[in-house]
Every structure is written in C-alpha cells, then in structure tokens.
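In this document, chain identifiers A, B, C, D and E correspond to the written order of the chains, with residue numbering beginning at 1 in each.
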Amino acid sequence: MSKSHMLALFTDFDEASNAIRELKASNLEGFNIKDVTLKSPIEHPEIEELLGKRPVYVQFFTLFGAIFGGLGGFTFISSSQATFLLQPKGGKPVIPIPPDMVLTYELFILFGVYITVLGFFIGAKLPMKRHKLYNARVSEDQIGILIKADDTAMPAIKDLMTRHKALEIIGEGSK
Amino acid sequence: MSITNLLNNWSFYRNKRPYRGQYDLNKEYSEYKWAMALDLDICTGCNACTTACYAENNLPVVGKKRFHHGQVMHWIRIERYWDEKMVDFPEQGASFLPMMCQQCEAAPCETVCPVGATSHTNDGLNSQNYHRCIGSRYCSANCPYKVRYFNFWNYPSTAWPAPLPDQLNPDVTVRTKGIMEKCTFCVQRLNEAKSRARTEYRLVRDGEVVPACVQACPTSAITFGNIVDPNSKVAKMWKNQQVDLYKDLQEKDNTVRGYRILEDLRPFPSVMYMERIRDTEA
Amino acid sequence: MSESGINRRDFLKVLGLGGSSLALTGCGNTDIRSGDELIMPNVSPEDFVVPGLSVFYASTCTQCGSACGVMGRVREGRVLKMEGNPQSKISGGKICGLGQAAVQVQYNPDRLTQPMMKVGNGLQPVSWDKAMATLNEKVGPKSGIKGENFAFMTGAMSGHLKVLVQNYLDSLDSKNHFAYEALSPSIGFAANKQVYGVDMPRLHFDKAKLIVSFGSDFLGTGASPVHFAAEYAKFRKAPRGTLVQIEPKMTMTGANADRWIAIIPGTEGIFALGVANQLLKHSEFTNTVPAGIASLVSKYDPETVSQITGVRPELVGHVASLLWEKTPSIVISGASAEGHAHGVQNAVAIQLLNKILGNVGKTIDGQAKSPFPQIAPEAGSFSSLKAMNDAMGGGKLQAVFIHGANPVFTAPSFMGFRDNLRKVPFKVAFVNAADETAQECDLVLPILTAVEEFGSNIAWYQPEGVEITMQQPLMNKLYPDTRSMGDIMLDLVKQRRADEYKNWPDFFSYLKAAVINMKPAVKYTDTDEHFWYDTLSSGVIHIDAPQEQIGDSFAEAALSLPEVQNVQDPKFPFYLVPSERHYFRDGRHANCGWLQESPDPLTTIVWDSWVEIHPKTAASMGIKEGDYLEIASQNGTLKVKAYLFPGIHPDAVSIPLGQGHESLGRFANGVGVNPFTILNPVFEKDTGELAMFGTRVSVKKTSDSEIVVKDEGPVSTQMGRKLVVTLPADVAQLSKEI
Amino acid sequence: MINTFEERDVAVEKRFIHKEKDIREDIAWAQINKDVLKSLERPRMLFWVIFIASLALFMVGVSCEIYQYQTGMGVANLDNPHVWGLYIGTFIFWIGMSHSGTLLSAILHIMHADWRKPIYRFAEAMTTFSLMTAGLFVMVHLGRVWQFYYVVAYPNERWTWPNFQSPLVWDATAIFTYLTSSMIFLYIGMIPDLAICRDNATGFRKSFYTFLSLGWMGTDRQWANFRVTYLTVACFLIPLAVSVHSIVATDFAVSQQPGWHITSFPPYFVAGALYSGCAAIITLFIVLRYVFRFEEYMTMPILEKTAKLTFAIAMVWTYLNLVEYSSTWYGDDMYAKQALIYRATGDFAPYWWMMNFLGSVVPFTLAFKRIRNNIPAMLVISILLNVGMWLERWMIVSPTFANGIYPWTWDHDQWPSLVQWGIVAGSFGWFNMLFMLFCKIFPSVSMYEVKEMVYHRSLVRKGTEDATQINPELAVEGGIAS
Amino acid sequence: MIHRLLAVLSFVFLCVGTASAEPLKWGGPIGSQTSDGYNALGPVVKQPIEFPHYRHARDMGISCLYCHTGARRGYVSVIPRIDKCIGCHQNIESVRNKPRIKKLFEYWEKKEPIPWKKVNDLPDYVRFNHERHVQRFYFRQNRPIREVCGYCHGDVANMTVDRRVKSLSMGWCISCHQKDHRENDVSMKTSHGPYECWQCHK
C-alpha cells in the first residue's frame, strides 16, 4: 500500500476548519486524522483542537531545566566555595546562603530557559528540512492542509477539499 | 566527592568571621593574629612612617599632577584635622591620624571583590593579591576608610627613572596599571619571620618582626604584634584598653583611651587607636 | 676585611646577582618558563651571604647633622632601605623620613656620574685624570697659590674628613675654612654660651612635666629630631607632661602642643620676661633670684606684654602659673625666637626662666665632653658665608673648594653671592648632583654618596656620653667614575705632605688607623682588628665622657633685655616667617621624590611652595586658597599660592624653605619658590648671623589662581565623625596603661 | 457565530469599551509582508545618516578605549576614593534601557495586550543591544580588562573560582542570563518571520534566512510547541528582568557607602529601568516609523498607549525617588544625610536638580493628549526623559564618592575627562549602529503577529456584527444578550 | 527519532558533566590543570656546562643540600658558588682533563660567574620558600632528601642537565597543599599546607 502526500491551500480559514472537521468525520479507508498537518501563517489553536490531541512536551523540559538549574546551581556554587578555601571572606561564612540564593535563582532561570528552548527544538523538530510540498504562500496569507493518505483515499480527499473551496491542491506527482 | 564534603563539613563552612576562638594558640593554623595599637597622643605627624612605607613597599612617586588628581599611592597617610570648635587659632594644636588599611576582620572590601583578589589570611590579614586583581575597584568603593589605592597609570614605566629601580624591594611586587593595592602590614616581613620561627620550632617572638612604619616611627607610637599571644605587648594593650576584637560596640570606662575607627559599621578593624590627650587646663 | 686581604669594596664587587633574580615588576615574567632567565652564582662570596636573604650593615645617616646611627638593608649587593640602628643612642633604632631618603640620594637619577669642567658657559664631562691634572695645576704645590688666596667652604662637618680638610688647609697655610650652614644654630649657641657657658646643654624632655617652647621645632627640625621624638614620647607617658608652644607660625611641635599661642615674631623675649615677672611674685623666688632681675622684669606687666606681643594678657599669667605648678619644667627657645636682630637677647630672656625655676641640673645639664677635639663637630654659621663672600668680593681669593653646601641657592640675594663667586678664577665643587653652586664652578667632581663612603661623624647634640657614629659603605659604588671625598682629600694632602701620609694608600686605611687610635678612650681590650670590626658592625663608638659643667647662677646670664621691636611698617606690614620644612631643611635633598611627595604635616601640601596666611587676614584681603600672592620685601618679590592656615599669627605670612631650585634634578627643578632670595639684610647684633625672621613683607593679591595640590580634602575637620578622639588629660589614667 | 470563550470576551470588550483603532483590520496580509520586507531593502535616507553618524561616534569611543587601554585608567580622570565614574553610571543606564523590551514582549504578552505586537520586536532588539552595550561598559571599566575572564566560573589550572559573594559576580551571571535569554527569546519569536523572509528572498539572503529559519513551515505541531515555549520563556523573562536590575541595585545597596546603602534601591532601580526603557521606545518608535515608513503599523494610538505607560511608570519612579530621599532624611543617619545634602547643594547640585526636573516634572507633559499625539514633541520629551534618567544614574554613582563616609578623602578633582565622555558617547554610537543594522537585516515589525492582530480584530468585528448569533452554551449573565 | 536521541543525549551529557565538574571532586580530574597535565615535561635547556647530576647525586650519592645550600635556610635553593665546585674538583685529578671540568676551571680562573639558565622558573610574583619544604619533609619528617626534592623537581639524580618535570602551576601547588601530610616521623598527626594568597604571592 503506497502512501502519498497532498497539500490543499485555502484562503478562507473557516472553510479550512470545516474541511478538516468533515475529513475527521469521514472515516475514509486508508486515512487517519493523525496524518493531517496544518500549515498556517499564524497559529490556530481552534483548528489544532479539531485535529485531535497533539501533545506538547516542552513544559516537562522546562520543569527539568528549572529544577536542574536550581539544584545544580546551588551545588555547583557551594561546592566550589567549599573547595576554594583560599578565599575566606571576613564577616561571612565560606558558604553564605543569601548570595548563593541569588546565583541559584539566576541559574534556575538560565537553565530553565535553555532547556525549554532545547525542548522546543526537539518538540517542533527543528531544525528540519522543509517538506517538499511546502508552499511559500503558507507563510503569507494562506492556510495549507497537508494530508498523508493511501493512494486509494486520495481522490475522495481531493474531492472534499475542492468542495471546501480549496484554492489549489498540490499532489506529490504534480511537481 | 564534594557533596559528602559539603555535608560533612557544613557547620565549618557556615562559620562566620570573626567568631570567638577563631584565633587560638592551640589551634593549628591560627596561632597568629596580627594587630596594631596606635597611640595618637604621641604620634607627632612627622610622616616617617609614610616614607618608610614608600621605601619598603615599592610605592611609586606619582608627581604633582597625579597627586592633584587624587591618584597618590601612599599606603599610610597622615591626616591632619583641626578642631571643629576652633575660634581663631588652633589653640590645642592639630589632630594627626595615621591611616592605613585597618585589616578588618569583617572587611567590607573582601566580600565585594568579584574575583576574590582580596580575602582573609589565616593570620587575620586582609590580603590583596595583585595578580588576581582585575581592577573593578569595587573594594575601594566599599572601603569605609578609603585606604585602597588603585594604579591608575603604568607606574613601573614612569615612577622609577634609572637607577631608582635598583632600590626596589625584591620581596614586594611592583604593581602595574589597573591593580588595586593597599597596606599589607609588610607581609613579606611577617612571612620571613614566620618561616624562621617555624624552622626553629617556635612561634614568632613579640617584637621580632614589625612593619616598616612601626620600625621607623621615631616616637614608637605604633605597637605591632600577635594578639593571640596574651603576653605580647599589643595583646596586653588591647586588653588594657578594653577593646575586644570580636565586639562591634565596646563597653569600656571613659578613662580608657582605646577605640577603633568607624566601629559602628561593623568591620572589626585590627588597628586600635588610642585617643589623643590634651591638657585642657594648659 | 678578611685574611686574604680582600677589603670590603672588593667583596661588594663580587657580590653580583646571586641566586635569585630581581623581581622588579609583577608584570614582567608571568609564566612558568624554562631556560629564559639566567642565574649567575657568586664566584666566591662571603659565608654569611645567602642569596635572597638580606644583610644589615650599620652606618650613619648624614642627611642632617644629627648623625643618627642607621642600618642599611643590603640584598644582592644593593642597598634597599635604611633603618635605625638600635645600638645608637641618638637614633635609638628609629629613623625619620629624611633618613629613609638616603637611598634615593644614592640612586638618584640626576646624580653626577663623572667629573665636569666648565667650557664656555656650560659644564662638559672630562676624565678624572684631566680633572685631577687641572686641580693640580691650579692649586697644586707648583701653582704657587698662597694660603690667603685659597678658601674651602664646607657644610657642617665632623669626624676624620674634617681633620683631613683641616690638614689640607694647614698644608696650604690657609685659615680660610668656611663652614656654612644656611640654617645654623649659632645664635642659640651664642645665647647658651651666655647663659650656661656652653654651646649646647643637654635637654631632658623626658624628665620634664612641662615644656614651654618658644618657637623650637624640636620634633621636626631641631638638633636631633629622632632622639627628641623618643624623649617626647617618654614625656607624654605617665605622668603626662604638658607642652606649651609659643610661636608666630605653627610648627610640627606646635601642632602637638596642649596650648599653642600665636605671637608676633621677635617678641618672644618680652613674653618670657612677662612670665618671669609673674613668677617672681611668688615669694619662694625672692631668695633665689637676684633682686636686680626682679626689678628689671618688673616693668613687663601683662598689659604691656600683651600690647607688644599681641598675646592675650591673661595668657602671660596662665603660662606663669603652669610653670609654677608643674615642676620640673623646661623652657627652650628655637629658630623663630632667635632669628631676629635681638635674637640672642630673646633667647637669653627665655633661658632666664630656666634659671628662675631652678631647672638647671634637673632638666638641663651639660653634654659629655668629647675627648677628641680635632674631630669635634663644626656646626657651621652664616657669618662664615659672609666672610667668604666679602673675601671673594674683595678679589682676594684665587681658588675655592665647595663641599657640602649650596651657597648659591641659600645665600640671600642681597649678598650678591653668585656674582662674587664668579670673580674667583678657580672654583671646585665636590658634589653628588650638579646643583646651583656646581653650575657656577669651573671643576665639578662627583663624589660618593654617604651610603658608598667610609667615614666618622659626631653630632653636636649628644644625648648620652659621646657617640662617634661610623659610616661604612652599604654597597659598591654605583658609578665607576665617582670618587670618595676622603680619597680625594688624602690625595690633595699628599701633594704637599706626602711623607706624613705615605702609610695610608686610601681614606679607608687612614680612617681605620685613626679609629684604632681611639681604642684607649673606649677601654677596649681586644686586638686592634677586632676593635675595628666591632666598631663597624655596631656602627657606633660610645665613649663615657664626663659631663661639661654648666652655669646655674644668674651671674653668667649677662642679661641685656630686648628692646621693644614691635614697630609697624606701613610699606611692609607683614612679618615673613621662612619656615623650615622638616624633610627639606635648607633644600639640599629636594630632589628626592619621596620627600617631595611626603605631605607637609600641617598643610599637607606636596610638590610646591605656598604662603600660609591666617584665614581672617585672608578674608579681609579677599584672598582664597590657591590665589597667587605677590610677597614683596625690600629685596625681591615672590609669587606664591596662598594657603589659608589658622595656625599663624594674623600679622605674619609664612613661606617654607627648600624649594625653588633651578638646578638640582628633575624632581626639584622649577618646583616652588626660594624664600632665601627675598630675605632682608637684618643681622643678629651679637653674632652677626643673618636674622632669618627679621624680614618684613607686603602681600598683594594677583588675579592668578591655581589649585593647591594637597592631601587634605575640601574639609579640614572631622565633620562629626569619631576619627580622632580627644580626651582631657585629667580624665585619662595613663599610669594604668601599659 | 461566536464559538469560543475568547471570541466572546473579545466581543464583550468591543461592545462596552470604546477603543481607538490601533490598526486597520482590513489590511491585506500580503501587504503586511510587502511593507515589512521593504524595510529590509530601501529605508529612507535618514537611516543612512543615523547609521553613519553612529558609526563615527562608535569609532570615537573605540579610539578613546584604545588610548585608555594602553595608558591606564588614569586618563579617565578617576581618582582614588572616586574610583567609579560615568562608566558605571552609563552601565546602569544601559541595563535599565533593556528592561522595556521585556516589558513589552513578555509582560504585555502575558496580559494579552495585543497592541504591543507591531512594536515589541524592535523593543526586544533594544533589550539585546543595550545589554551588549552595558556589557561593554563592564569591560571598559575594568582596570585590567585583559584579565576579565577571572570573573567567569570555569575549572582552570589555577584552581581558582570567582568570589560568588560579590554583587559583581551576580551581575555578571544575571547579565549573561538575561542577555542570552533575551537573545533566544528574540530569535525564537522571529523564526516565523524569518521563514517569511526566506520565502521572499533570493540569492545570498535566501540561504542566510533559510539557515536562520531552521526549516520553519508553520505546521500545527510547530505552532503548538512555539506557543508554549514562547509563553514559558516570557514567564521566565519577567522575574529575570526584575532580578537583573535589582542585582545591579545591590551593587550599591549592599555596600556601606552613604547614599547607596538604601533598602528601596532595587525597586527604585527597576522602576527607573522601565522608565528610561519606555522613553527610549518612544524615541525609537518615532525614528523607525519615519525611516522605514511604518506609519501603517506603528500607529498613533500605539504611541499614545506607550506614552501613557511611560507616564505611569514615571510617577512610580518619582514616588520611589521621594521615598529614597525621605527615608534617608528621616533615617537620620549622619553619613547618608550629609551625602543627600551634598547632592542638593554641592558640586553636583545643578545636575541633581536637573535630574529631578527631567525625571519628575517633564513627564507631566505626557498627561496632555495633544502632546501625546504630537510626534516632534514626543521625540523631544522622550529624549529629555532619557537624559534625566542618565543623570539619575550618574547622580547615584558620583556624589557618593565625592562625599562619602571618610571626610579626608572627599572630592579631589572628579570631573570626568574627555576620554570618559568619549567612551560614553561611543556607547550610544555602538548601540545605535547595532540597532540600525538589526532593523535593516531583520524584520523590525513582527509580521505574523500583526497578521494575528489583524485577524483577531477582524474576528472581533465579525463578532460584533454577529453578536446575536452567540452560542447559547457560552452565554453568561452580563454577557451578550441574545 | 533523531530528536528523541538528541534529548536523551543532552540529558546524559548534562548529568555526566555535572558529576565530573571539578568542584564536585576533591582534586579535580587529572589533566584538567594544564594542557598536558601535572606531569608537564619542560623543554630541554642548554646549559653553559652540561652538568651531570646523575654523576654527583646518583653515582657519588651526594646530598642535594650539599651544593644547594640555600634550600634549608632561605627562599632560594641557591646555585652553588664556583669555589664550591673548585673546592672538590681541584683534588680530583682523574677527571681534571674532561672537557666539562676544563670549562669549569676556565670560569674559575677568569673569576667569572657561570651563566646558568633557570630551569624551574616561577613567575616573578611568586615566592616559593625552599626552606619550609625542606624543613618540613626532610628535617621534621625524615624523608630521604632525594624524595623530598623530587616532589617538585623529579628524579634529578637520574638526569644529566636538569629539566622541569612538573607543571608548577598554581593548581598543582594547591593539589599538594590540600593533602594531609604527617607532621613528623613519630606522630600520626597530619596537617595540610597553608593555603592563602599571601603565602606565595608577593
């Protein structure tokens, strides 16, 4: 069973969401709603919801990064102070808590941010090669629906798209 | 592993200087706490200490223009104050105050140095490590006594026209531009004396070593010594003057002359001054 | 020095770079390296020389006349620092800043490194051979110069070099030894001679409960400041003594006084008589003090005294009651009381108080009498300069030697010394640096500095016994083309008396022989060699000589009371107080960076001259700090920055001495002004000395102004901070202190 | 038909609150792309004038720094008690400047104030570049700048660590964190726009933007991750920004110097930072609007909102300023009181009064709508406010040195030398140069967010029109009656 | 997939990196101190006379302190003075005509110092006290002198011309100062070297 891709471009966002809604309800053979990718110049939380749960894991990275930054930062700072007895400071203990807290706080944020961004790259699969069906108009003002389906289901999907006033439908073979 | 180290020695790492018992003859690395007592009543303001310091510590002569800009490098300076209530004439003379680094136990300069170029030694000195210094000048900003001097210029290239460099003390680094420096209590002398004493299985004897200013002072207004040793002259003087190293507010009789300057800022200085006396009936 | 006959000089020669390199800068070698630097081991050094460890050698400080015993710290063949020599009774192991600067004299970048000869208007370097040939030609035996045509001017002198100089003059059959000190103590000596029968009595400050000082800056510039400072420290310990200072301009001693009294310059004697008058009201003195004196002083009642001296009348009685209450006391006079036309009379009137109070024998007694009069100190005087100037002006002199003095700089301009000097056909200067006098000379010979030279010194103020302080080289000579003054003198003497001196190839051997000759006086029992090395290593020869007797009766005090001098001069309304800075003195060491940068204790000004003026006077004249003032006397005008100074009499202005050099070196040239130039020809009546404080000046504000460079900030008080706390003497319990 | 809660809220808001039109809703998306992308190609002449002038100024600063580097800090005419001068003052100024970017992009983002969208990009760039400038001042200030790496905590053969107790190390850490985080934030937020650039560029620029856009395609997965990341980083940035300037304030507040040792310093500094940043945004807003012909996006209502924000912050700052003075006064600490009196009457008095005037009185002009809508007036006022804020920093640093605890060392000759002024001027050149370069290379208006803004506005309009068609499930009390 | 791998890898990297970071390990990872580690062999230095240390110290068994006399009593260990060399060598006729000895006598006769090159050259601002180390380990703890000197100088007794064998970096100094050493050969009490800036930096 060979699968192929198809990109449908819409100017009207409502039509695009209607198309997806209908596609979801259609239960076509050889097609899964998970294989639909939406491409858009702006974000569309409501359409993403239609496409079903597409989990985002960035927040776990954030959690890990922040905890790591905080704990690791404090350990790093206090243990380097403990090994560096060359510089006791008059009036202060070797490991003073308030200054270390300031640095811990900064490192907590630093690693929080860094690892969040790392999580973003992993989650968004960036950097990546653009899909060959990518169309520059998606970055301008049109919404694109990229569908991966069995060749058998393709004509039906194409038909559905046309019905919803798709501006253009690009298949894999057409280029 | 250092986490075990951290956990095992946590209480040690949380000790805050100065703590009582920090210096103790029976303990291993704190048999010395160098301190001074300076009698303002017999200080005549003659500047012998300043010149001695120039000779001992390779202080550059900066010249008129730079002196005017406040870039002078005298580690010990003699301040001269007039009486605030003076009417026409200073009838009770002037007040002279030799001011050098007070080697504070809780030194405000130490905590703020970003690179740790200034820190506390086991002998209770406030060390300044020229080679670590990057010249942020924060220490000077935070020093209440303003006894830290910054090398604004590259003095080694200008201050000692040949053959003056032959006079330089090889035990003391000549400081280049961009470095903070200050009185060290002539640590090169202290180290030499300590080394000699250790070779002979003993502690440094009282009076065996003194900084250049103390050695020069014609009136012997400055007393220097190891305050840990209860028999040293300086320890006796501190005790006699009821000044306690570990206190920021001394409870003492008003007949007693000892005090430490700007004690209310809690730097715990190691230099005790003794009040100037004036015969009010004269 | 050792059996192999290597003497000290040779030993210092081989002591090259030993073992450790010189760490000159922290920015030189900053890496761990291999094979980049050399280490040169000594070929054959002394056993006690360990590279990297310092050796201390005893010597004598010759920066001023006090002859403190010092030690030089020597490492790798270089002298690094001067310290006091604890074996010396004068220094007591202490040292002043001027003494510290001896190393800067040694390493001074402007030192003269080879002989110079006058060619046209400038000095040109010549070889020693040429220089000595010229010397021989002009003053040698064949030159036919006669004794009366030759003069030798020196500074204050003592020890065996003085003997050589004297012998040289004898060999020339000349009596023209002019010992000149610009700031000489001769007026005081004359007064002491009148009162006590000796030049200088021994003062026991430590035994006194009260010091009343009439302008004596004994802590800063007196006979022996380091020794007096130590005495002062004892005086301030329990039971604490009280210091009263009476002077027109606050000196460093005045700044330490419990009571400082401003007085019109020259009237100190009157004040003393006023005090005497009050004292004699106590019946206890009627028996001890001759009635004649009482009647003499009786006209000086407080009101009269106040009128003359400008001091509040109640202070006369106050000082008298202090003197009455606190015994024993000591009353001393100093430069600002003595430097007047009636200076001796002033000083005598002041010393009279000691007699009245019976201090003689308690706090004042005689110095030990030196058993070696030939090496005894010559303190120098102004009159010798005058004598020489007159001789030169008269065209009598054919050749002069000048050593240890800079008369072109210090002679007042009214003398025309420079012009007179030019009249002399052949002038030789023995100097370390080409100073103003050397510039005028035909031959300038570079001599060794004090730290390169052997010698012996005796101070004219001896605290205990007689102390001959020995001078030995602390290092090998820095410049090969400089020579020992002693060697030169010996060569000169040998020109005429070769036979007498043939046993001594150089000054070292001469000095050694001479010192060994003193052995009996010291009661030393070991061998001569041991005596010599002991002397060198301790740096002092101490002789317990008997004290001189000083007169304590009133008969010796041939009292001639000072006339009232307080006359107003409308053209020159201000008294000029040429103040002596404690590290500058007459200005011979002005070319030391350390001294230039050492702030004046009272004004904290550096690198400059200034004129001190009382804030009230300044306010009335619209003068602010930094304004240039024209200070004019009959003999000249100086343009100096004003410094408002409360410690000066409103009718006086004060300019420090020692600055204003034209030719001394890079640190001194063009710095400040030289107040010697504007001094008036006022002379002390009895001695003929120049009355330094007798000049009247006018003050004119100019439109120029410049910032005064000083260490002091914009405020001169503590602004409510607890920095220097003052405790009343009756509260303090010094006796309980350690 | 209103289907979501958000739409409903928008509709409610639209109905009850009168709003200026921040932006035209009917602007075509393609037009947005075109307008913004045009800024990468053909700016007005003024752009080049500013750029060349900045470059020249920067070169002045560079030559001063070279001179100072070779000769020593003495050329700055600092002296021994007075060891900090304009460098530290200007350093705080630039750190402060950086805060407005965070304010606009992070704080207002979380608050859903969508009028920020056309202007936040350049504000964020301002954050980054002013932080870079501030970092330069740390270097310029150091006596031995060639050893600056001693502050960095890294394992080395000397076995040394920096002193973690020093506020300067906190500073270094905080600034490093802030600089990298805000650069990341700027970059992440720019990825969709970089994709647009990529899709419209040719030649070398195409490969440049292709590389930077990391293959962004605008897929739902990317957008979903993007949204969460952007929000998370924004949440981190807010406390970070506050902490950065509080830490800079602790440089002073933890010291013992009179006039510095003040508890209210951290909030005071933060307020001052936001203040000067907002003023700077107004200046740059006006410049960019003209230079790149952004009248369509940087509209007057947005300017007015920024001005109102500035006014509000100015009042906060004024309040904290007064708190500082009064707490010093009533605290009755001898040293601090003397220092305060010295500020008002001593050598620095003219600047101190000017600072108070510019910082507290001048902003009252912003209360007038006519002034808020007058572009030349706003340009002048915003620059004046920044001069005031710069003076404030200088007045914090210098007078304390000239009149500290120890009277003997008061005031020598502390007027900054030409070298100091030159380097300060050079820093403005450096900042402007970088900023102008950024605007020329990257889209300084966020295209995708303007599109979102337009989209949401059009939804709102539609929502108002279709108000009667509200989904009954969403109806609540006080909502839109059917 | 690759991204998941990247995620796991970066996590592992961070954990391992943290665990191996220097502050967490007393002493730090070997080799992190200089580019070639603590045992950093210095360059070969060409000396005016190729002095055979092995002959003196190993074959003849002469104590280091016999020639380097300063090591027990001062900061500098002292390159022996020439008369020390001559003192022995004038009595050793057998080697008198060896080229190196001839060279030595040339210097002696000219009374010129030998321009040795410094092999263990610390920066100018560092004050290394030979006395303390020799006193502590040789006199007090009674360790063999070759071992004591060898802590820093390596096995000189098997070298001809000396060569630097340790990095002499500050971290290397501290690594030893942090260790506890027995105070003397009888007691089991230990102490570590002092660490404070002014101990070595002048």
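Things to note:
What we mean here is this: a contact is a pair of C-beta atoms (placed from the backbone, for glycine too) under 8 Å apart; a residue touches a chain by one contact, two chains touch by 3 or more.
Here the structure is a predicted model, which means the values were calculated and not measured.
Path length between chain B and chain D in the touching-chain graph (shortest route): 1.
Ranked by how close its C-alpha mean sits to the mean of all protein C-alpha atoms, the top chain is B.
Chains joined by the most contact pairs: B-C. Computed centre separation for the pair chain A/chain D is 29 angstrom, with centres defined by C-alpha atoms. For the pair chain B and chain C, the distance between C-alpha centroids works out to 32 Å. With centres set at the average Cα position, the gap from chain A to chain B is 62 Å. Our note on geometry: chain C versus chain E, Cα centroid distance of 53 Å, whole angstroms. Counting only residues that touch two or more partner chains, chain D has 159-161, 163, 165-166, 169, 405-406, 408-409, 412-413.
Contacts with at least two other chains are made by residues 20, 23-26, 30, 707, 711-712, 717-718, 720-721, 723 of chain C.
Multi-chain contact residues of chain E, defined as those touching 2 or more other chains: 21-24, 26, 73, 123-125, 167, 169, 174, 196-197, 202.
Looking at the complex, you find that chain B touches chain E at residues 1-3, 5, 28-29, 117, 119-122, 125, 127, 129-132, 171-173, 184, 187-188, 191, 195, 198-199. Across the complex, chain D is touched by residues 66, 68-72, 77, 79, 81, 97, 99, 108, 111-116, 119, 132-138, 140-142, 144-146, 148-154, 177-180, 262, 265 of chain B.
Residues 20, 22-27, 30, 75-76, 78-84, 93-98, 100-101, 103-104, 106-109, 219-220, 225-226, 229-230, 232-233, 236-237, 240, 242-245, 250, 252-262, 322, 478, 582-583, 593-599, 601-602, 604, 606-608, 614, 616, 646-647, 666-667, 671, 707, 709, 711-712, 716-718, 720-734, 736-738 of chain C are the ones that touch chain B when the two sit in their complex. Of all the residues in chain A, the ones that touch chain B in their complex are 75, 78-79, 81-84, 86-95. Here chain D touches chain C in the complex through residues 334, 338, 405-413, going by the rule given at the top.
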